[in-house]
Amino acid sequence: MHIGFIGLGQMGSAIAANLVKTGHDVKVWNRSPEKAAPLVAAGATLAASPADAASGEVVLTMLADDMAVEAVTFGEDGILAAPNKPIHVSLSTISFALAEKLTAAHAEASGSFVAAPVFGRPAAAAAAKLFVVAAGPAQALAACTPLFEAIGQKTFPLGHTPSAATIVKLSGNFLILSVIESLAEAMTLAEKHGVEKAALLEILTGTLFGAPIYQVYGKILVDQSFRPAGFAAPLGLKDMNLVAAAATDARVPMPVLSLLRDRLLATIAREGDDIDWSGIARTVADNAGPAS
Amino acid sequence: MHIGFIGLGQMGSAIAANLVKTGHDVKVWNRSPEKAAPLVAAGATLAASPADAASGEVVLTMLADDMAVEAVTFGEDGILAAPNKPIHVSLSTISFALAEKLTAAHAEASGSFVAAPVFGRPAAAAAAKLFVVAAGPAQALAACTPLFEAIGQKTFPLGHTPSAATIVKLSGNFLILSVIESLAEAMTLAEKHGVEKAALLEILTGTLFGAPIYQVYGKILVDQSFRPAGFAAPLGLKDMNLVAAAATDARVPMPVLSLLRDRLLATIAREGDDIDWSGIARTVADNAGPAS
Amino acid sequence: MHIGFIGLGQMGSAIAANLVKTGHDVKVWNRSPEKAAPLVAAGATLAASPADAASGEVVLTMLADDMAVEAVTFGEDGILAAPNKPIHVSLSTISFALAEKLTAAHAEASGSFVAAPVFGRPAAAAAAKLFVVAAGPAQALAACTPLFEAIGQKTFPLGHTPSAATIVKLSGNFLILSVIESLAEAMTLAEKHGVEKAALLEILTGTLFGAPIYQVYGKILVDQSFRPAGFAAPLGLKDMNLVAAAATDARVPMPVLSLLRDRLLATIAREGDDIDWSGIARTVADNAGPAS
Amino acid sequence: MHIGFIGLGQMGSAIAANLVKTGHDVKVWNRSPEKAAPLVAAGATLAASPADAASGEVVLTMLADDMAVEAVTFGEDGILAAPNKPIHVSLSTISFALAEKLTAAHAEASGSFVAAPVFGRPAAAAAAKLFVVAAGPAQALAACTPLFEAIGQKTFPLGHTPSAATIVKLSGNFLILSVIESLAEAMTLAEKHGVEKAALLEILTGTLFGAPIYQVYGKILVDQSFRPAGFAAPLGLKDMNLVAAAATDARVPMPVLSLLRDRLLATIAREGDDIDWSGIARTVADNAGPAS
């Protein structure tokens, strides 16, 4: 398939590489073009602009925030300026409001928009083991199926309203961070009472909590491996702010979410921007005093 | 083995039945003796007192709260009054402080104490699928192994300090309720944005959250099957108060725990004492206004 | 003085009336012009546009939100389009970011900007008993002094950076709502234990809490007079969101603020948009179950 | 009047001194008798036991916690052992449950119990400027009036149920700490945006927040004078736990209270036991990162 890929950060580069590897004809674009070099070396083409990247059947975006997605879509030489009306697939986490705006804009331009946010950290992206939650027009979803298969281990189709996929992704990220927070609280309690974090984790994952999320983040918490960040705290904060915007819109009080946002603020203020979002565990522990 | 079993509530009756079924010689005791009838019909003996129930090698207790455990242990004709110095195994969730008190009291009386709290709801107890977290003197743990095998699917030995098992159990219950709360918040958000709770749950458990705790409680939340209670909200509140006592002791701030206690208080105040602790999900939803 | 006044809601009309009464020559403008009628009857002139209202020495704005202030300032025939470079005084609560944007825009246009948010509910505005917190260029502040004296009981000059006044106003509103929340929690506790709300309030205001804020809102809580709203809950939520934006910017975790936002969301969801922000007290009470 | 005074800590000594100064005949008792020396030098008599201290018409207690009050009341040679059935006045903050227990015990012993908790820090106690909230049998209250006048600036009679005074005192302490927390959050926000804490405080107390509580604690927060403690954080935690017990009893969720307890836990864990309870402001600031 002739496709485009915009956004070559840690996640985007890994995903795009899998698309190239699967044999697709991929035009890549990134604001800082030097990041495209390894992909071009692997067989991708360098696009001259987002519009150029959008000259195939499908263009995928994997960008840091709403502003970046808006820039490559609505900006000069943006996706909407491509004459061929491609399917625009947004893999990154965007706001509920932007999902609705993109749906409307592409429909008006006779193109189509698919929200297909992914679950997984950089290692899962590299291993093509992401989970894809996809919503959009049936025909567009069908057309994208081989792409999703190239980058993930499973795709969850969620109907024809793109913003539904956005809500699921935001909910998922909220739930991940809430697991980290509560696990950190429990581990701090256990440790202060003489039970090692690793021992607690082993029992949890061996009983009722045997899910990847407890295994992956539990190990990070036990090892305190918060740097380098797989998903930096400021990105986590951005996502939690998107959840909060959707919650405010719908008048849903989410006190755990509120707590997580304050926790991220504290963690960023105390530790800096380069810590992983799971670094909130350090703030949890610090608030229980010096390690004994 | 000659053993005793004290406390024949919903959980205790199910567990004791499995011990009888496995061929152990079980003397049962309950404050309201009529609850013993089905077990006696199945082959158990009715004990005349807690001390009588403690006349074998091991006596297990499965009781509602610290006060009940203290009564059958330290009271007149209590476990400590039994001349044979049995191993006392506490299967129910008790406070950190009581675990330490029982350890000391049994040691002084030349007996031994094992904390072996279990994870699982009544259905798991009936199916002998509990998880047992056991800590106490090595010899006592070894002696109890066949009993744990008769009632659970897996035993996690946790060293020789009984209170360690108590902390793990309390941490586990805290984590369970935190899953319920965050899942309820996410489901409420999703539903208000047009995504069905069941659809969200399917994606969660199909991706990063594929653990029994999400499957079991997720289904309860989707079905809103909060009555009859498998674990009533006031018992949940009692447990969360035990976690809070251990946290206060060790100077560990646990804001998610604080939130859960307030949520349980609200749920009990609004819904009554007979709702399952997962009924906090109803309070979460009610605070987002009338269902649309 | 020749001045203009833009924004004739409940607060703006009362303030503008005092300016007319003091003898100033006031040109008024409102998006829905019919609201200007009583003021015109009292001696004001109807302006044709925001720019027209800004044709005197000073133009004051008292508007619902940032968007409204941006519209009358930067829009077609907006304040910046007035040729005479008036002093723009913003009396309403705006965001920290907008305060900085307006400061820069007026400076660039050779005009000047003063942030002069006011404390007080409609009754205080009508009685010219507002408190004014004013920051901006010294000369501009001096020029506005007679205006502030006409509308308030006291002016607090806060230096030459307008956004400082904004932060103080946002902090003040946050503190007001935090008083309401904690007072509501205490009153609910007292009432459930047989102590009347009014008795508690009398002791509080007669001892350490003898400030207007406890007297005014305490009475509202005792009387449960949440409608009609003096300051509607959605406006309160808007303000708390502005505080949160400033806090997020500066990486300041504010857990009481987070709690207040969730409380407002719940109150709006359950009670509707027309309840006073102090109506969070009803949600506090509802979460403690039916009144006994 | 012949009276007794039990408990000569920082507060008790100051109060007892005022009773001596007013001409009452005061028998003092303290667990560590050396603390009585200055009072004896000033004219008090040293009692041989709590019962001896209770040999006059009234015996007042000012003690650290419930346990201490129970010890001097129910213990050997305790107040209840005094043959003359004095009026027992509890000036310190006790639990709701203990207030009810003391009411019943004294009634049964044909004595009477008055709960008369006081508001004020050591400086106010020394200056006889406390506020007294008193509840108990009418005759007993009348008899105590001159004593209350000797130690405080105003007495608030609250009817004949002692526990009502307890609830008011607990509510008041909760409200004080909630003022400290929210003021600390606001000051941290202001400071990070370039507004000095003192400037914010001046405006607050000059407008809607002109109450002693904002003046006294505002100054402590501006000066960061958290040591030596006027009211140590662990005592604050003890009081907040009493509020929580009363709230749990009555099924009243109090999320601000929950937050305050976690804040005190963090502050004690990080700063030690000797910091004033207003030291929670330091934890608030620390969670916003290093001072800039």
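To keep things simple, chains are lettered A, B, C and D as they appear, and every chain counts its residues starting from 1.
Keep in mind that, in the parts below, contacts are C-beta pairs under 8 Å (C-beta built on N, C-alpha and C of every residue); 3 or more make two chains touch, one makes a residue touch a chain.
Quantities reported herein were computed from a predicted structural model and do not represent experimental measurements.
Think of each touching pair as a link: the shortest run of links from chain B to chain C has 1 of them. Averaging C-alpha coordinates per chain and comparing to chain C, the farthest chain turns out to be B. For chain pairs B-D and C-D, the one joined by more C-beta pairs in contact is C-D.
Chain D has its Cα centroid 39 Å from the Cα centroid of chain B. With centres set at the average Cα position, the gap from chain C to chain D is 37 Å. Shared interface positions of chain D, i.e. residues touching 2 or more other chains, are given as 247, 251-255, 259, 265-266, 268-269, 287-289. By the touch criterion given at the top, residues 96, 119, 131, 133, 154, 156, 158, 161, 163-164, 167-168, 170-172, 174-176, 178-179, 181-183, 185-186, 188-190, 192-195, 199-200, 202-204, 206-214, 216, 243, 246-247, 250-257, 259, 287-289 of chain B touch chain A in their complex.
Across the interface of their complex, chain C is touched by residues 237, 241, 247-248, 251-255, 258-259, 261-263, 265-266, 268-269 of chain A. Put simply, chain B touches chain C in their complex at residues 255, 265-266, 268-270, 283, 286-290.
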